[in-house]
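Below, each structure is written out as structure tokens.
Both complexes below contain subunit A, partnered by subunit B and then by subunit C.
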Partner chain A sequence: MSFILILLASFFFTGIVIRVKSIAQGRKGPSLWQPMYDIWKLLHKGSVYSNVSSWIFKVAPTIYFATVIVAMLVVPVGLFGSVIGFSGDFIFFAYALALGKFFTIIGALDTASSFEGMGSAREALFSMLVEPAFFILIGSLGLLTGYTSFSDIFAAFHITGEVSYAYAAIAAFVLLMICMIENSRMPVDDPKTHLELTMIHEVMVLDNSGVDMGLIHQATNMKFALYTTLIAGLFIGNVETWWMQTILFFGIQVISAMCVGLIESFMARYRMIHNAQFILVLSSLALLIFFGIK
Partner chain B sequence: MKVTNNQVIRLADIEFLSYDNFFSNVNEALNHDEAHCVHYFAKPNPDRDGEFSLFCLIANDAHHDIDLLASVINKRDELQSLTAQHLCLHPFEREMHELYDICFVGHPWLKPLRYSHDRKAGGDIYDYPFYEIDSEELHRVGVGPIHAGIIEPGHFRFICEGEKILHLEIQLGWQHRGIENLFVEKKKLLQRATLSENIAGDTVVGHATAFAHIAESLAGWNTPEWLEIERAIALEQERIAVHTGDLSGICTDVAYQLGNAVFGRLRTPMINYMQKWCGSRFAKSLIRPFKTNFIFTEQLAEEWQNTIDKYKPDFVEMAEQMFDLPSVLSRIERTGIVTKENALNIGLVGMPAKSSGLLRDTRKSHPWGAYKDVDFQPIVKTSGDVYARARMRYEEVLASIELIQRLIAQRKETVMTDISDAPRTWSAQPESLAISLTEGWRGEICHVAITDKEGELALYKIKDPSMHNWLGLALAVRGNGISDFPICNKSFDLSYCGHDL
Partner chain C sequence: MDIISGYVESVTGLSWFFVALTTFIFILSAIYGVGYIRHYKTTSREMVLHWSMFFVCYLGMMMLYSTHSLLWFLVGWELMALGSFACVIFEAEKPVVLKAGMNYFVQSHVGVLLLTIAFMWVYATTDHMEIDIIPLFISRLSEGQQVTWMMLLVAGFGFKAGLIPFHSWLPHAHPAAPSHISGAMSGVIVKAGVYGVIRFGCYISEGHTTIGSIILILAILSALYGILNAADGRDFKRILAYCTIENVGIIFAGIGIAFIAMGHRMTSLAYIGFMAALLHTLNHAIFKTSLFFTAGNVYVATHTRDIDRLGGLIRYMPKTAFLFLISAIGIGGLPPFGGFISEIMLYSSFLQGMRIDYLPISVMMALSGAALAIVGGASMLCFTKCFGVMFLGTQRDETAKPHLIADETGEESNMLLPTWVLLPVMVFIVICPGLICNFLESCITQLFPYMPIDATAAIGISDMIETLRNISIASLILVGIIGLLLIWRHFTIKRRPFATGATWGCGYLKSIKGIQYTGQSFSGSLSALVRFVLPKTSQYEQLQPEEIFPTRRSLLTISHDAIEKSAVAPLSNSVVNFLKKFQWLMNGQLQRYIVYGLITILMLVIAAII
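Showing the complex of A and B:
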């Protein structure tokens, strides 16, 4: 059930972001389901492959998509619990996603384009910097609750009383930022730009087309929903009824998507060189929770 | 020989120096900071094989005149390169070398300007002698010739150390249409006027005005004051429209969506006003030599005021917000700096020059018609970065609005004269040279025409400000992150076709 809910959320997440950005610009904007139509269209197209790239380039998008699906299996939505859950599954979660990223990177390098090489280097650097923030954060929550599985952490999160909401607030901020970095959104990357030199994620998938492109887009949507599910988990742990949890879950998804849209509308993107500093700040925020718990 | 803007000189009156004298005179004239070369070109002498006349026009901003230096050379001569002394001459010598095989000894960068380097051997433009590196640590990034935003083609070759740009080389010429030759081939006045509007599609008024002045001065026709005022209004309106669009572009490149949307919206009424005036949003067919098809009426003046009353508050509010937003400032401050010293060396003109503390504005230093009596102070910034160039646009828009208001007031006081007896066709003095300088929104535009014995065009030379300024961009990005290149590029917003001609 968790799996289906997250999948559902992934269908409209990007649509909301785009809609919010359009409204902020004074436009009506496309339908909420437009990203889905686009993916559907891509899935019906053939792929074009460069004759200098190898099989790695061809399998990379599929593996990327598969790793996100696998990561989705361990994330619970409130009482529904995750499809599979075990002690230490948050480490599995992080490295399943990292495996997907690894394949996108080598897939991009496989094209031997100088743009894609640059994008890969940036993506690798930023992912590496994000990793400590994520582990310190979830590790601290594990320390707080005494469990190492997402389902148990979220279920037991509110045992410490009111103060847990303070942790949740900081954790939600950090997770939202990680989510934006991992999905190459503003302020670190600009998904809308047409300028290859400033791209991070977009430039890595320049050579992909058709089904592969569709898989990459959908994987990104699911990653968005995945991280916001973690945020939702922080808040809906002690809600008792399943229907209330479901409503809250979708509410938090929508609010997160709107936050992403608003951030992208009203600020400029960071200079590439400042991104690293910004990401390290997230680690220190995560440390704040760690020391708070200690 | 000293001339002023829009003056016609008989070729017989020009003193042709020996190349050695010419060399030392040009060298001496350019040693002053207030002087810069507006054009330098060669004209083949049809009677004698291999003989060329060189003409160098050096504008002096302090004395408000232009130094015309000329020389006769043979292409078999070994000529000492002037670029070795004054870098700002590099595109002109490269052009002569490429077109006529004139050899300049000691030119530091004698590469093709618009063609392939081995054009006579049937070479391809893809094959260009780029500056090469041999290093394990450095890498090359090639961008173009297809632009990511599919605007115009140009090839950029970066040499980077990680994210940092060490060197940028720009190869142009992909847009070469032979427009200078077309001017000579097409005999009709209307054909030439239309050609001038298409030199650079974003500077229609600028180039068309420059051509109109050439045609009028060669015919010995005194342009009536009211017509000159109308042209100045159009020129300033073009400046407002393009600057607003550029601010939108700068916001796009730093991914500031609000600025992009608002400035984009504000540009529309500005170009739509042009459509009301002349039926074309880009002011095509508005400027015609010896006449105007679209008189600036009282009603148009009123409509302009109404449009601006709606435009200005929004524009000021958006710009103030943009220049106040930390995330935007962090992207544009201290990015892409051109120092004043570099700006002088490479002979920057127009907006980028003024942003680097170099006052080069021909509206002030070499004014024509309406600009002669209107009170106006060019804006100068000193930091030379993207911020200065963006801020320059904001302030120039406000200045242009005020300027148009004054011009409109002046227009109302001026009596409209009858111009029905003006020439209808190309009619020019024989064997003369005419020069026309106009400050387009990008910077100084220079057109030069030389006529033959029958008064027909023998040579037409065009210089868009981009010719000087592309090198400025190449220098500005050194030491910057490669991801900041697009924003530097946008802040210069140079023309590809204006350079390639």
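Showing the complex of A and C:
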């Protein structure tokens, strides 16, 4: 059930982001379902392959998609619980996504394109820097609750009382930023500026087309919804009824998507060289939570 | 002959583990070596020397794992060092190889010296050289002395294991050695240090927290230092060597946690720490050996170790590429392979260690966990670079193209066979981690009889094994979903039109070969970020103002090992300078030497009379 909810959320997440951005720019903007329609169209298109690429390039998008699916399996939505949950599953979550990144990176290197090489180098570097923030953050929440699986952490999170909302606020901020970095969105990267030397993720998929491209787009949408589900998990733990949780879950998804849209509309991208500092600041914020709990 | 009677009396479970691992890897590297060494032009005399030294090294290791006497342990250790030294300098006519070999030889003997001091201390206190006497010896030491004794051992074994700052021989020796020797060295010879620390560390009765903290800090620094250097590297065997330092760091981190846990009476955490260390030893042995073997295939085919000259090898060597990819994923600790299982054990022990009610330790655990996360990310960078630049894209330097004759591409069956054999072992570790952990648990119980598994510890350990079982199920689900999606994709793609074309150059139509990303540019931003641990010097000619049309010029960048450059080299230089003051004693005149002999005899006579 959690799986279906996250999947549903992923369908409209990017749509909301695009809509908010266009409203902020004074345009009407496309329909909420436009991204899904694009993906549907891509899945029915033929592909073009580069003649230097090998089978790695062909399997990479599928493996990326599969790892995001598996990561979705371990994330719970409130009372519904995750499909496969066990202690230490948040590490599995991070590492499964890392496997997907591994394949996206080598898939990009397979095309021998200099742009894609640059994008993949940055992707590798930034995801390396963001890793410790995630570990310290969830590790500290685990310390607070005494559990190490997503379901147990979120369920037990509110037992400590009012102060947990303070932690939840910082944690939500850190998670939102991790989400932006992992999906290569604004302040670290600008997905709109095709062909400028600023992009991380978009440039890695320059040569993908057809079904593969559709899978990559949908994987990105799901990754968005996945991280915001974690944020939702911080807040909906003490709501008793499942329908209330579901409403809150979708509410938080919409709010997060709007936040993403607003950040993208009103913030400029950082200089590439300052990104490393920005990402490391997240680790220190996570450490703050750790000390607070300790 | 009571020394010999102590030999092979009882072999502990831990020894069995190491004996089995060593034998397995040595057999594989012998099989690999037969095919590999054919590509060198060697005389049969050199071959005989090489293989007999290979066997001597193996024999030495068997001796040190199975002996019950400290003296025989040292003898075995020395045989291992000498044998592996002789194997490393197989191409002794190359000055670089000989220098790397001598470096290894000298450093491993500094390690032996430290071990000898530690063992002499035992002898001086108890008049015995049996390992069984150590508990008695330990009981006569104060806490500070115990810590000192253990540190002597950690330093001594650290020289073999490649823990920083005792690692500086490793990045030289591994590239210099033939690939089957690098594989065996990195896979099992380095692990003798791990064995030593656990085997002798089990007798310590006080000061666990101090010892554990020191080991943990050294280990985490090794892991970070190793992987950053590896990620920045250019010579693929050197990258693998640095990656060994990283993994040794991860292994020692497990040992460090275990010691800290023993200091805080957390039996289950201690067990999990040791189990993580030993399981990672197994994983690393398998993946690193396989990486060195496949890297050896590449070297044989292309005659270069510079990744920036390679590219597109997946078309010439598809099997090698596939095996390299599997091993790279495994060693990066990514699911669905065994490396992930040992890393998750470590993460879990860090998470448990964070609950220790002593702030410095708890903070150290949290930071170590974060450092491990960085190490994981950096190793992903390192191996995407390694695999991507070597095997994907197009050839960067035509002169390093693999020979197209089938026999010379390094894709021969006996050079691939050992790696194929390792594949089921990798799968086995993923499917039955519980089985291996139960065995490791019994090894540890045998070593630590005073640390019995009580009810709470049993629950902790069975929880961990339950987690591992879940991980293997999750990994299988991951593989299953990947498989299903690939099948779905295969049938979907079949129905769609497809075309091939050149890589999109964003309007640039000429060949993209020259503007491809290289390994150096891939890790460029990382090395700029951590310049303080990766010092580099560049040599180039400045452009003069009067040069309106500059001629062709070159840029040479040399990266140094920071610790070697700033700590090890000055130390060894000052020792050499000091010894040079006595150079006049040795001037090559026979008469002089006879006089020295006479003086010595005279002094001995006088001493005897007095």
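By our rule, the second predicted complex is superposed on the first by the 293 of 294 C-alpha atoms of A that agree within 3 Å, B and C clash if a C-alpha of one lies under 4 Å from a C-alpha of the other, contacts with A are read in each partner's own complex, and residues count from 1 in each chain.
Definition applied: contacts are C-beta pairs under 8 Å (C-beta built on N, C-alpha and C of every residue); 3 or more make two chains touch, one makes a residue touch a chain.
Here the structure is a predicted model, which means the values were calculated and not measured.
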item: Which of subunit B and subunit C A:Q25 touches, first, second, both or neither; value: first
item: Superposition-derived comparison: subunit B or subunit C, residues of subunit A touched; value: C
item: First (subunit B), second (subunit C), both or neither touched by A:V239; value: neither
item: Which of subunit B and subunit C A:H274 touches, first, second, both or neither; value: first
item: Which superposed partner A:F115 touches (first subunit B, second subunit C, both, neither); value: both
item: First (subunit B), second (subunit C), both or neither touched by A:V254; value: neither
item: Which of subunit B and subunit C A:Y95 touches, first, second, both or neither; value: second
item: Partner chain(s) touched by A:M1 [first = subunit B, second = subunit C, both, neither]; value: neither
item: Those residues of subunit A which subunit B touches in one complex and subunit C touches in the other; value: 114-115, 117-118, 121, 195, 272
item: Interface residues, subunit A side, partner subunit B - complex; value: 21, 24-27, 114-115, 117-118, 121, 186-187, 190, 192-198, 264-274
item: Footprint of subunit C on subunit A - complex, ascending; value: 43-54, 56, 59, 62-63, 65-67, 69-70, 73-74, 84, 86-89, 91-92, 94-96, 98-99, 101-102, 105-106, 109-118, 120-122, 124-125, 127-132, 134-136, 139-140, 142-143, 148, 195, 206-207, 210-211, 215, 272, 276, 283, 287, 290, 294
item: Complex interface listing, subunit B residues touching subunit A; value: 139-143, 148-149, 162-163, 251-258, 261, 265, 325, 327-328, 330-331, 335, 481-486
item: Residue ranges of subunit C in contact with subunit A within the complex; value: 311-312, 314-315, 325, 329, 332-336, 340, 343-344, 347-348, 350-351, 354-355, 359, 362-363, 366, 369-374, 376-378, 380-381, 383-385, 387-389, 392-394, 463, 466-467, 470-471, 473-474, 477-478, 481-482, 485-486, 489, 492-493, 496-506, 512-513, 515-517, 521-526, 529
